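Naming follows writing order (A, B, C and D), and every chain is counted from residue 1.
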């Protein structure tokens, strides 16, 4: 993996290689360099298998991380490629022409995170959710607990006690 | 050698002798504790007051017994003199605990006294013929045993404390 | 397509005569032995720590009160109630259970038309509550740590010749690991006399937020240097972790926090006291109760003067506890913070000699009496009068003052409490320095399992060469013709308490022993020296079985006088701290209500 | 060999770009929903078919019927609290979720599961694979009207569930593979009872060979049908038996050995035709591999040893910032967990990579046009898809 990283580092402005166990490593690349990097990895370095494409919401930093996981089966190498994009104007570049199956991932990212991939087929068709009008639910600012509390009724009659507070109320109610 | 000590050698005593010694034992103790109350510091006065009160009950018990014709009828009878009698009889004398005894001194004296009384009454309870007097000794034996246990607890709490 | 391919499938017609493989009565089919079915809970073992509730990712567990189970030391009395509409049968609650009381039956079929029937407290009346089969975790608890992180201590050989502190204190890495074991149930808080926020300050250690940790400590205790070292740590005796492993080292973690925050930073974090109120309070005795009260009162803006008879503040923390357990500079830091709050401590000022109670009463809005127990008790067995017999508290005080104390090559100590251990180990150090070897015999009424001293004190004493003879009742201090002490004669104690737990020592007089030694030290108990009150005040005050009578708010029968600490309550530093807070609160309520009589 | 030759004489004329202009108003096209409740569908999903005559001209996969937002739920749970819910992502083969999640947590937390646990995990995964194949072999017969295979395979699967029950304490959601190791050891006499199950399984599988794989109807309806051009494997992310049936021996147990697979002897079964029949035979061979592996594991695994590594107190387990991807070869292909941590006590993001995500979406939609309506069920089942791993 280090050899490939050394080779591509300058050309595609790669960040430092972050190796993990086995043949797994992660690297960050600027959005403009993503396409060129993917093409070269796929066509020249045997990373023909798109394992997954997903996003991570770094809400505090105002960023989405797109993770493109590529695999070279022959050398047992897996590379996680990170692209950081602006969270407000969330937009990525479609790669469905390189891997048709990427269209599914991009459709999901649009629906669940609100990340746009202009040009990706059937991007706006409902995928998993039907008639969803709230925030894209996999964004960190969508509160699933609040949603569930608003949407579903709790069964009545439940009450619990914190052991520490309960003991205080029974054994030393005025604090001494 | 006092009369009682002489009699001790015989191994026998009349009920009257025993009865009088016991009555005196309780009276002396009551008087001693009562007189001690003003001489001890207020912080230990509770102890002396409690002891005086207990002894008073016993004095009253003997006073009532002496008026009982059934008891009077056996006064001349002879019974075995208890082994503990010597120690018991010594307690008839007013002790010298000094002008301002502290709690530990009072407790140690009281414990010694209760111990003697317990032994004495326990034996008497066995040797006295059935009747109100025997009942009284049984009662007293139990009382003194309880008192002794109570005093030992107080002793432990008072003296063996604060050792952390 | 060959004929064979058409006919072969028909060979399976052979199964037509097979017995059916289905079960006729699926309801009632017994499940496997370790099947995770409805829960079982041994209610007598369950301590209501709520760890099961904390781990449940479904929110299926509520901690509820159950008739017949009341809160007590180390047990909240609460029991888990499980809502089977939510339970996913993962059994994490079983795995995390601190006592092992919670298990599962292998019962999984149950029909009921009432949905609320499926929400109940396991262990009460389900038909399977005593079934043997069902899921139990294999082996010991693995979801939280069992073993305490080792505390580095000086080896016996290294520590015996000096008074250097023995316990090293945790490093950050060690403290984090130890703090990690805490499950934050909070059962310990009720046990702590000062009700310190134990789980919260342990969390601060985990989070490496020592500033927060220090603030939490000071909310309930201005003596964390002291309590972090010598607290009787009863909290650890109610720790949920002790049921299957070591209790959390709460005391060491407290010390770790205070170790990590420099002195100046402590004062910064606590902040300045409130604006002066103009009210004045006198406190008699600069021990833990008095100084805690002083701290609280000063924080509230009241003027506080503490009168201390001895040369330094600290009371028994300084004059009773040896330096190897509590170095003086650690104590000085705790006191320094209190002084920084504006508390004036007048040392070498004995009330009754240098200033009278009447003067204190006249010059202050309230007087708080926190004089402790500084008078040693004697067994008063024959021979205790005269030279060669000492009282432990007197010796400890003189050692602290740097005096040369009487010493002998062979010493007998009477007593099985911490004071006895303190004097035995202190004298052992002096012997080692003077004679090059230790010669201490310690006798106690109690048998070794019922020693009042902390177990680690017993262990460390033995490590340092103290010979312990337990269950020995002192009968006489033996003296030779010249009156010199030659030893202590003892009888074996057959039993120390009667059936009702009352002190009633029974001796086996045939088992007599003389413990040789030319010095005997008595460490059996202490009393308060109340002579400072004077005859009139002693007479005016109400007493309760030898102690100044106080109410639950630490008021004496005199409206201007309050009392707290060992002299009225006891028995340890942390209790004195708790009392100090309480008496300060009462005084402040009085001051606020302007009820304090001049 | 039959092959489907649609009669396109009555079709509306294609548009200027050569593509079909599907207009339902013309009455020439019909929308047909296969699923979400249909015997010819795998689980709760549906395929929206547009048919012309008996030819399907377009197919769209619809999922979401089971969506519970697992990945989101995991973000709200502590690392230990995620453990009970991961298995629920996949009913027929839940253990891969447990393994991948546990291994991902271990990787980021720097924990090594003990050797015994590694063997036990491998055993559990092979038992799960076996069961998953039981559902496939029953399902593929069912999709073609061969009901008996479903009954037999359900029975054999049930016997294996009995072994799961006695080993893990549960039949379906085992919740046995904890981060740090596994929850327990083999029960007494487990090997013998397992052998009985494997014996029974082999007898029933022999019957399956006769009743299904040697069956002329089955062969006729599956050979040459639903062919996946191996050139599509990479663009469509095809893994597992679907790829192996096309001659590509993709198997992570060999390609990227995990757990104790490097200590086990086995061959990767492949076929060449890449049609429904080939995919079924590859899986049939794979069941045998699993049976052999279970026997091997029970023979080779250590008899004792700790089941769990020392893990931090799970009630406040925090994991430093980092990310990892743990994968394994499940019965349907590459299964993986992408775990991102941010230093708190909760996962920042967990993404479940299930093989059905690519197989049942882009690939299926690509394969469906031009098939006969009656072949759709067999085609779908032959891809062996489990919808929950698509919608999670």
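One rule holds for everything that comes next: contacts are C-beta pairs under 8 Å (C-beta built on N, C-alpha and C of every residue); 3 or more make two chains touch, one makes a residue touch a chain.
Predicted model only: the values in this text are computed from it and were never measured.
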Between A-D and A-C, the pair joined by more C-beta contacts: A-D
Separation of subunit A from subunit C, taking each centre as the mean of its C-alpha atoms, in whole Å: 49
Approximate Å spacing (C-alpha centroids) for the pair subunit A, subunit B: 91
Inter-chain centre distance, subunit A versus subunit D - centres from mean C-alpha coordinates, in Å: 23
Category of the chain touch graph - line, ring, star, complete, other: other
Each pair of chains that touches, named by its two labels: A-C, A-D, B-C, C-D
Partner subunit A, residues of subunit C touching it in the complex: 48-50, 53, 61-65, 70-71, 76-78, 83, 85, 116, 119, 185-187, 189-190, 195, 199, 578, 581-582, 585
Interfacial residue positions of subunit C with respect to subunit B in the complex: 232, 373, 377-378, 380, 415, 417-420, 445, 452, 498, 500, 502-505, 523-527, 530, 538-539, 541, 543-548, 566, 570-572
Of subunit A, residues touching subunit C in the complex: 155, 157-168, 170-172, 175-176
Subunit D - residues contacting subunit C, complex: 77-78, 80-85, 148, 155, 162, 165-166, 168-170, 173, 175, 180, 183-185, 187, 207, 210-212, 214-216, 219-220, 307-308, 310-316
For the subunit C and subunit D complex, residues of the former touching the latter: 1-2, 4-6, 8-9, 11-12, 15, 21, 31-36, 51, 54-55, 57-58, 88-92, 95-96, 135, 137-139, 142-145, 180-184, 203, 206
